[in-house]
Structure formats: structure tokens, C-alpha cells
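Each chain gets a letter, A, B, C, D, E and F, in the order it is written, and its residues are counted from 1.
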Amino acid sequence: MTEQTQEPFARPDGRAVDQLRPIDFQIGIAPHALGSVLVSFGNTRVICAASIDNRVPGWMRAQKVEGGWMTAEYSMLPYSTHDRKQRDISRGKADGRTIEIQRLIGRSMRAVFDLKKLTGKTIWLDCDVLQADGGTRTASITGAYVAAQIAIQKLIAKEELEENPFTDSVAAVSVGVYKDTPVLDLNYPEDKDASVDANLVMTGSGKYVEAQSSGEEATFTREELDTLLELGAKGIAEISQLQKAAICEGLK
Amino acid sequence: MTEQTQEPFARPDGRAVDQLRPIDFQIGIAPHALGSVLVSFGNTRVICAASIDNRVPGWMRAQKVEGGWMTAEYSMLPYSTHDRKQRDISRGKADGRTIEIQRLIGRSMRAVFDLKKLTGKTIWLDCDVLQADGGTRTASITGAYVAAQIAIQKLIAKEELEENPFTDSVAAVSVGVYKDTPVLDLNYPEDKDASVDANLVMTGSGKYVEAQSSGEEATFTREELDTLLELGAKGIAEISQLQKAAICEGLK
Amino acid sequence: MTEQTQEPFARPDGRAVDQLRPIDFQIGIAPHALGSVLVSFGNTRVICAASIDNRVPGWMRAQKVEGGWMTAEYSMLPYSTHDRKQRDISRGKADGRTIEIQRLIGRSMRAVFDLKKLTGKTIWLDCDVLQADGGTRTASITGAYVAAQIAIQKLIAKEELEENPFTDSVAAVSVGVYKDTPVLDLNYPEDKDASVDANLVMTGSGKYVEAQSSGEEATFTREELDTLLELGAKGIAEISQLQKAAICEGLK
Amino acid sequence: MTEQTQEPFARPDGRAVDQLRPIDFQIGIAPHALGSVLVSFGNTRVICAASIDNRVPGWMRAQKVEGGWMTAEYSMLPYSTHDRKQRDISRGKADGRTIEIQRLIGRSMRAVFDLKKLTGKTIWLDCDVLQADGGTRTASITGAYVAAQIAIQKLIAKEELEENPFTDSVAAVSVGVYKDTPVLDLNYPEDKDASVDANLVMTGSGKYVEAQSSGEEATFTREELDTLLELGAKGIAEISQLQKAAICEGLK
Amino acid sequence: MTEQTQEPFARPDGRAVDQLRPIDFQIGIAPHALGSVLVSFGNTRVICAASIDNRVPGWMRAQKVEGGWMTAEYSMLPYSTHDRKQRDISRGKADGRTIEIQRLIGRSMRAVFDLKKLTGKTIWLDCDVLQADGGTRTASITGAYVAAQIAIQKLIAKEELEENPFTDSVAAVSVGVYKDTPVLDLNYPEDKDASVDANLVMTGSGKYVEAQSSGEEATFTREELDTLLELGAKGIAEISQLQKAAICEGLK
Amino acid sequence: MTEQTQEPFARPDGRAVDQLRPIDFQIGIAPHALGSVLVSFGNTRVICAASIDNRVPGWMRAQKVEGGWMTAEYSMLPYSTHDRKQRDISRGKADGRTIEIQRLIGRSMRAVFDLKKLTGKTIWLDCDVLQADGGTRTASITGAYVAAQIAIQKLIAKEELEENPFTDSVAAVSVGVYKDTPVLDLNYPEDKDASVDANLVMTGSGKYVEAQSSGEEATFTREELDTLLELGAKGIAEISQLQKAAICEGLK
């Protein structure tokens, strides 16, 4: 390779391979929800809101399951994408991707949450994407935790809940292989061209909740997978600190 | 009644009967739409976005109608109300109120718009209520006009449109009879208890587009109707000025 | 203008501007309903039937609301229009116009009806258009009142109801601006070309229930609105007399 | 059995076992359809309308099938039954019985109709039950033929069709075993208690189109089946004469 | 016709006009159902399974009907036809033919079954066509009886049921007029070209449950109908013997 | 722990932690599909069928994408579970889990398939679970590859395809943490109680296609993840050999 001039690798927005986009939490975006936040990962912005319903779902009542329930709904607002995205209700059904994502958000939250302590309540976590630039599902999980934790602490302050059911914090980030290089927190131009796309959900204490790696009509090796897992763990450690600070600030 | 002390009439938030709530336009809330605004009438806040589709609907192509089309969709985000509102897609269909409102928004816009000048394009106006405190449909019309006007002027600036199809501005406000007193721009506590509820849509030049007055399981007289029409006209004159300033500012 | 001969204004069917079409009520068209009528406004003919259900809707039982309920459903039979209209069930959903109209019929009836007196019952008002020639929604309201009043009086006669919950009669008529001239009770050729279209719902004692005026992709002035309101009030006074006579006759 | 007094067999309305109910055809009930009739078999009354669409269904265009198409839709109006019947659109789908019946009506008509001669057109046969008292499907077939034949003859008169595609007339009647006795043209009280229920569709020249016999949670013998087939053939011969007269009268 | 050589009649697979295809029952195809069978009529193969639900449908509870319920569902697996058949769920609704067939299966079973003896239980009969070559509905009825009878006898053996509610066996076969010749048990090539198509459901003791004959856009005479009924009776007698043997074998 | 007798770890069916269930492929289960197999992983049995459609989806034609398409549908037959599972069509929509699984099957296949070489065709992969005992999605992927590979080779033999678009084989297996022990190929009793559940999709050459690990309302460490990945790789190597043999046999 001595004589061949190879163009050096560069990310579209100039970040280092292990660098997150600027992350921001604007607490209280939806005042009628008990907890809410507008979370930004660069130009990806998602409204996350936690609403309390003083009932549990029908299936819990029918099966006499004790405790409470926490579930999530996700949608992309029609103007969140460059080309307007048709509403689910106009198409008549939620698409497969939407359903996958909202199930992932719900599972991720419940992995660090003791439902038994939420007696008789349901927490609805709504994640609506205001602007999409890659990583909307991981931003949603990250913001949903912040909204839910704020809602929980307000319930405790109002003496409607005795103990905090959260056992840890939870955050998510995407990693992927872009131009043969593993990178952290892909934006849309990177995501579109990535050959491997992974979403990691981890706790504040560094444990895994979900690790989903998927070749985009491609395959990947164990070595690539290991590098992606490392990058993700580094990113989530940073995000967890930012979540903590935002919740603190939001509860002042 | 000489000796009886009657409690004087007062609005819940202390406004004069002909006083609007504070109105605000935050331009550019949804950057992927060509025009967008977060419009506030007090605590009622609605995201309004105008997106351009370089096609016309199937029925226009089938019937070979010339020009373009402009249509609206309205929804209440689940966390916009005190008790979480189930998403349309979860219930399986848009409810009657939603359909009525989005038809009203579309009709109102088209009354001051020359569709012939929008050759081959569709403008989608999306109105999503972030926080509901009465008057969401009138705030939506008011904001949708601002978003659409900004989008149109950007299309002209980009030379994708020759002439501005808008023939006038359009705004809307609610009026109603609350505790036997006609008042302007009802908030939710007033709206809930009003015996007559009217929505007026008028142009910047003072003409009517829609005038819908409805007894809430009650009736009203011609005199009451006249008073409501006066109050509305005054309110819309003020709102039209605020729209003009916001558009100016937004296009800087 | 002295020498120019202007064609004098004329309505397509030769009526005076303030003249109703021939109105007729054929009582008992659907014998299995407790009250029913085939109402005609000229060539617009609607089957209106009032059926009694000895239960209240689920939401009333859930919220323990006392009294009864009255609601309406509207549809255009497929052969009511010159070009066959597809059934709602074939399209998979009721269209927006249908939903608007059936909500309007229900609200109009409830404005002159004391639901508290209808303990434990639901009145279903079904309006099916047999032939459409303009003004199907106002004919539906006018006929639905006749069917409902007959059903109520039969319930009283059968001693299944103590007191008549109706507090007044209710009727409706359309008015509009056709060829720059305000006219009463538009037929389809007029309606199609009207620049302003209004629907008035009023009581037998001359109070308003709904007043909806709408520019058809056009605007209108306060003076035009006032003229329309006058025309409508005159028409409804006449219709109310005809309703009264029809109910009398129908109960013989 | 000499001393035992057995109550003699009697039909609820006193008819002979092989006697039809009074049958009537009121031509022109829905003037916007090219052919229409309100057919009555006693208290069973059905609006039947034939509408012409100058297109063929998508599947015929796609498969380049020549000729035209004829299809039927059936519904029970909500007030046709003693207890109000919920609309299909409110339940979200047509029920199985409705679908079975409308398929039967369509098949029956096409059995005596040469689709090849209806070039490029679709005939829609709508059958809406106004009052139900047993035998609504057979009344629908009987009336649909009358409406369709009138529409066809008008098309020919207007020179929009060259030749009559009908090859025969078609009519239908129900037969069944009521209180162990085979009877013709069951009304609702008979139908409800019948152990065997059969619907026969036959041509004016005495051929079969459909013969459906069904034990109602019961079985039947070959002898019973033969008797039912005889009764039905007699009834249809009479109905065919009445159809012929009604069409003649309707085309005057 | 003395000198004209006419090609002798032959069935596509060489069978005699009154000969059934090879019939086979593979018991236990779906071990999680209490009774199951893969039934074959030649190349038509259907999975039939009887599952027990220890509840009755909501309408039975609501109307306090005593006993149990038995109902059927039918579907064609997408790969059962030469050209892949789209799943009902992808099309959004069951088609009319599917609904007709599953209603027929349910009715046929209930005709030989005393629901009163099935206290508090529902039997679900699922019929999924694995390979379609004509006669899938009659194969489904024939197999559903075998699956249900096995399930019933297992319930009795487990002492969850006291008495066998079946009062007779039930089987079905198709007959039709193919190339002007009445034939028994049509395969797909015959069925496609048949001018008359009949489905007979009969009991082991030779009584009729359903007899449905239908001209395929054609008509038929009483003589043809009589011949078809004879052929069917002969076929069902043979099938009933095979069912009996299969059940015996399956319960060993 | 010296004196405490701890019960040694044992799997419910006695397998070693790294031992697969007996795997079997019954080729040709659905003869009307070009390729089909009944795949068994122990008591989990899935019908997998590959059908060819000589068209590409509408979106490919609209976007003028070259090549072909391959997609999957998954369903659980109602009798595949111990308690009967309601059909999707009865519930009105596919559930979230179904949609996730069929998307996974499709993605997995396309990762080892060059769609460009399948000019103008769509391969439908249908996976219907006949009996469910854990691991139905991994069995479906494993069987779908076998069915698709057979179909492809038959297309080549029929000279309807020039080159084999498959670039590798693909198989899947589940791994998980059961009673604190990582195990391979979980059956239902293990799956139900597993704290971590992972599904691995890998190629015959040992590359990853998908690696999805998920804490079941629980978290897991990097060490546990590594062990699971090892177990899965071992299992898939064995399964790949069995696939190869089955395809060979099936094409004889």
C-alpha cells in the first residue's frame, strides 16, 4: 500500500468512530403527562411522555396478576421524515417496524423495573418522533427512561407510590459497520449505508438488556460483533451519566 | 335583588370577556417540514406542519383536475390530555370528532387559496395537539395557515412555484356562552361548561369562511348569536396581526 | 346598465327565493320500528325510523350516568344517487361526511330532549336516504324528530314512559347563496353551484340549535349571513307546522 | 287414535300448506336506479334496485374477460327486525349470513343471463330489507330479477344495449318442514320453528338454479325432500306469472 | 347417430362415474389438539383438529343458554393451491366462500350432536387445507367428524364428559354434472368444468343434513337432481364405513 | 457448601447443555408448492413452503428496482398450542410477535441471497406451525431455507432461472440461560423459565446474520453473552450439515 493513496476514513459529520452526537434532554415538553422529555441525539428528536393510568390492563385483571404494568407506544410524526410519512391510521394499521420498536421499548423498561411495586397502575410510555435522523428507537428508549423515572419520583412525592420500582437505569445506542468501519451512534446517512446495524440496550451498571445485531442483507463475523459490543458499552456509559443529570435537573 | 349580594361574573383565568389568551408562534418546530410552527393559545399548544408532495391525489389524476391540492390531518397526541387519550390506531379508526376537525381545517385553508396555482403538488397540513386546553381546532387552523404560508413562500424562493396561491390570510377563534355571558377564546374549564359553543373562521380582510354555532344540548337566541359573531370578529382581527408578524419573523 | 338587458334571476325549479319544496311525511314506512316516516323535501326522500333499545350504551353503564340515550345513524342507500354510491361496508369505513351528519342529527335531537326522563332506554334514530336531491341532512333531522316524537308518544301510551322528554320540536333546513342570491331549501343543482352553504337547525319556538355556514372554497360577508339566517327562520317556522300536523295524523 | 282428539294442523296465518303469501311489486321505488321495485311477500318487504355502471370490475379488466358483470349486495336495514339490527359498518364487517345471501342472489341472476351480451357494463343489484318476516333472501332474488329485467329493457330502449342478455326469468321461494308438515313460503313464526329449511331458485321454464335444503340442527329423509321440491316448483310457477305481469306494468 | 363415432365418456383420472377417490385418515397429525386427522380424498388433503375450550361463547353466557357449543373454522393454507393463495389476514378479511364453508361445517356437525350434553364446553373444529384438488369442503366435514368423535371419546375416557353427544355419524361428498354426465366425488379438473355442482351432507344412517345443488351459471332438471342425489347417497355410505374404521383405529 | 447436597442441574428432557433436539426434515409435505418441508426440532413442527410468483411486488415495479423479491409469512395454526390459539383473521390483525418473526425470517433469507439474480420473480416463504414446543421461529428459518433452496434448484432444472442466487446456507437456533445455566435449543418448558433468551441466525460458513439476545424482564453480562454465542455457533454448525443432507435427499 506504499504508493497507493487511499482516502482516509471519515464520518459524514466528522465525528470520531467512538463519538456520540450531542445529546440533550428538554424536560417537561408535554405538561399534561406526569413525566415528559424532548430527547435529542443530534438531529434525531423524540417526544417521550410517561402517563399514569390508575388501572391495569384487562388481561392482568382477568388472570389476577398482582402489581402494575408498563408499556410503550412509538410513532413517527408525519413531518419527521424528509418525505412526509403517512399516518398509521390512514394506512389502517401499524407497520411491522413500529410494532417491533414499541415492543422493544416496553421490554427494555420492564427489565429494570419491578412491576410488583406498581400496584394497580399502568405506565404508558409514548414516544413520538418529531425529527428523524437515525437511531430513533435508541433515542426513544433513552428518553422513555428519563420520562418514566421522573413520573415515578413524582408519584412517590405525591405519596401515591411507596417505593421506587426501578432497579437500575436503562439507555440505548446504535452501533454499526459503516464503510467497513465499526462506528458508534449512526446518523441517517451512515445508517442507510451500514452493512451491519446493531442496537444495544444496557443498564447504568453495565449489564445487557438487549443486544440485537443484524446484517443488512449481509453477514458479519464474531470479531466485528465484539468490536460493536465494545463501542456500544462505551457510548451507553456516557449516556447514562447524561440521563442522571437530566433527571436531577428535571425534578428541581 | 336590592339586598342580595350577587357574585360578579369572572372568567376562571381572570380575562376580560373579549380578551384572547396569550398567543405565540414558535416557527420551525419540525425542520423536516417545509413550513412548521408550534402555535400556543395559552396552554393549548399545537404542532402545525406543512409538507409538500410533488404529486396530486389519485382522484385528481383520475378526473384530470388541473392544479394542486391542500388537505389537513389532525390528531391529539396521547399525552395532550389530563387522562391519556388512546391513539386512533389502537382503537382502529379515527373518531368522528377528529374527522370533522380535519375536514374543517382543510376547507378553511382552501377558501383563501387558489388550487389552480399549485400545479401538480399536494400540501399536507398536519396538526398534532401537544397540550389541550380548549380551542384546539381553532388553534390548528390559525397555525396551519402560518405553516402553509411559510412553505409557500419558500417554494417561491426556491423557484418551484411562480405565484402565491393564497388570496387572503385565515384564522379562527372560539366564542361561547359561559355562565350566561358571551366570551371570547374559551379555555377548557369554560368550554366544558359553556351552553353555546361557536367556532369562527375568518379572513384577514374580515370575511367569513365558516361560522358554526352549536347549542350544547341547549338552544340559543338570535341576539346571543349576534353578540358571539361580534366578539369573534374582534378576536380574529387581533390574531391576524399576530400571524402576519410571525410569518415575517419566520422567513427572516 | 340602462341599455344592457340582464337575464333575470330564476331558480332551476322556478321557486321563489324564500319558497320551500313540497314537503311530505309518509308515516309508518317501517312497521317494525316504533316510529317511522318517509320524509320528502321535493325529490329528496329519507326513511327515518326510531327504534327503542331497553338498555343504555356501555359508557353510560360504566360511568353510572342516569337517564337514557338518543343517537342517530345516517346512510345513503347505494341507489339514492344518480351514480351508484358504494356501501360503507364495502369501502371498510364510514366516510367523514357521514360521521359529521349523524353526529349533527344526534346533537340536534338531544338539544330539545331531556335524557334524564328516558330512564334505561336508548332511542336509535336511523336515517337512510332513498333518493338524494340536496338537503338530505336537513330532511333527516326534520324526519327524525317526527319518528322520535311518534315513538315517544307510543311509549307513553303503552305506559313504558311516564313523561314526554321532548321540550320543544326541532327541524332543519338548508339556505345558501346561489348565483349571488340567498335562497331557501336548495335542491341538488342549486347546492352544487352554491358559493355559500348553510344548515340551520331550530326549534318550533324559534330558537337556534345549530347554525353552520360554510363558504364553498369561498368567503361571505356578515350581511349575507344575516339574510341567510332570516330565510332559514322563515322556512323552519313553516316546516314546524307541517311536522306538527304529520305527528297528529300519524298517531290517529 | 280413535278416541284421542288431535288438534288439526294449522299455519299461523291460516294459509293452506301450498299457498303463497300475497305477493306485490311496487315498481319505481328508487327513481335514481334504472330499475327498482319494492317487493312484498306478505309482511316481508325488500327494496330491490338495479344500477348500471359503465365499467367492469378490476379483475375482468386485468384478466381481459369479455362482456359485462352482474353482482348483488344484500342488507337488512336496522329497523327491518323487531329488535333493531346493528349496521354492518358499526360491527366492522358483513356477517356470514349476509355474504352467503348476496352470493346466492348474484349466482341466481347470472344463471339466466348471458354476460357476454352486456359488453363493458356492470349491473349492481341492491337488495335492502325494509321489513323482515321470513324469506328475505327468496324475496330478494324474486325482486332483483324484476328490477334487473326492467333496467335491461330500458337500456335497450335507450339503445345502449342491443340484445336482451336474459335467457329466462328467475324466481325463488322457501319451503320447509313446520310441525312435521311440509309447507310453502314460510313466514317468520314458521321459519323460526321449522326443522328443515329449503330455498329453491328456479327459472320461469321450470328448471332448477339452486336447491338448498338444510336441517336446522336436524336431519330429513329423501321423501321429505321430494315433497319440498314439489311444493317449491308449484310456488315458483305462480311467482313467475306475477313477475311477468309486474314487469309489463312497470314498463308502460 | 348410427355412423358417427362419438368419443366415449371418460373421467380425467379414469374412475367409474360412481367411484370415490382413495380416502385416507391419518389420525393424530396435530398432537396438541384432543382429536386430529389428516384426511385425504385423493390429492385433496385437509388437517382437521378438534380442540376443547372449557368455556362457552359470550352470547351463550349472556343469553344463559344451557349446554355447550361446537363451531368450525376453515382456511386454505397459502401453498394449498397451484398459484399461491393470499392469506385472509393479508387481505384483511375472510372471503365469502370461506365463511360459507365454515358455517356449513359447523351446521353439519351440530345436526348430529346434542349440544345440551356438552355442558360448559366449546369444541373448535379447525379445517386447514394442505392440498386442494376439489371437494375441500366435503373432505373437511368428513374429517371434522372423525376429529370431533375422537376428541369426544377421549373426554369421556378422561371422565370430563358423561355421555356421548353424537347421535349419528356425518359425512359429505360432492356430486356434479361433468360433460353432461352425473359423477361422484369430483376432483379439481372435473369441478372446474362441471355445469352443476352439488354438495351432500348425510348421516351414517342415510338421512340428509344438507343438500345443496347449484347450477354454475347454468340450470338443471329434476331428473338430473335425482341422479345426483342417488350417487351421493351411495358415496356417503362408503365414506361412513371408512370413518368408523378410522375412529376405531385412532382410539386404540 | 460442604455438607449441603445440591440438586445437580438437569434439563427437563435430559439433554446435555450443548445438545440439540432430534432434527428432522420431511420434504414435499405440500406438493403444490415448488419446495416444501415439514421441519421438526423435537416436538416443534413447522410446515415451510416456498411458492413462486412470476411478478415482483408493486413497490418494486413503482420504484423500478431490478431483480426479484423474497418474503416470508409466519403463523401458528390454531391447534399448534395446548390452549387453542385464535386465528389472526378472527382477531382482525396479526399480532406484534407474528410480525417480528416473519420480518426476521425474510431478512435472514435475503442476507444469503442475491435478489438481482431472481429477475421478475417473488419467492413466498410460508411457515405454519403445526405443533409448538419452543423455538418455532428458529425452526421456521431453518426449514424455510431448505424449502427455498429446493425451489431454486427446481427452477434452475426447469430452466426458469440461470444461476443460483443463494450465496450460502442459513440456519437458526435458540440459546438461553435456564436455571442460571446457558443451554442450546430450548424447548417450551425451558423457554418459559429462561432469564435470557437469544436467537442466532448464522450461515453455513459460520458468519452471523442476526444475533438477538434479550433479557426476559432481566439483564445479563458480557460473559453470559459470550457463552451463548459459542453454544449457538456449535448448534448451527450441526444443523447446517443436516440441512445439506435433507436438500440432497429431497432433490433425488
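Just so we're on the same page, contacts are C-beta pairs under 8 Å (C-beta built on N, C-alpha and C of every residue); 3 or more make two chains touch, one makes a residue touch a chain.
In UniProt terms, the chains line up like this: A, B, C, D, E, F = Ribonuclease PH.
Just so it is clear, the structure is predicted and the values come from calculations on it, not from any experiment.
Taking the mean of the C-alpha atoms as each chain's centre, subunit D and subunit E sit 28 Å apart.
Inter-chain spacing, taken between the CA centroids of subunit A and subunit E, is 52 Å. Counting partner chains per residue, subunit B shows two or more touched chains at residues 92-93. The touch graph of the protein chains shown is a ring with every node of degree two.
All the chains close into one ring, and from subunit C toward subunit D their sequence is C, D, E, F, A, B. Chain contact summary for the complex, subunit B toward subunit A: residues 29-33, 36, 43, 47, 49, 51, 53, 73, 75, 77-84, 87-90, 93-94, 124, 126, 128, 130-132. The part of subunit B that touches subunit C in the complex is made up of residues 93, 96-97, 99-100, 102-103, 107, 110-112, 115, 168, 203, 207-215, 217-222, 225, 229, 233.
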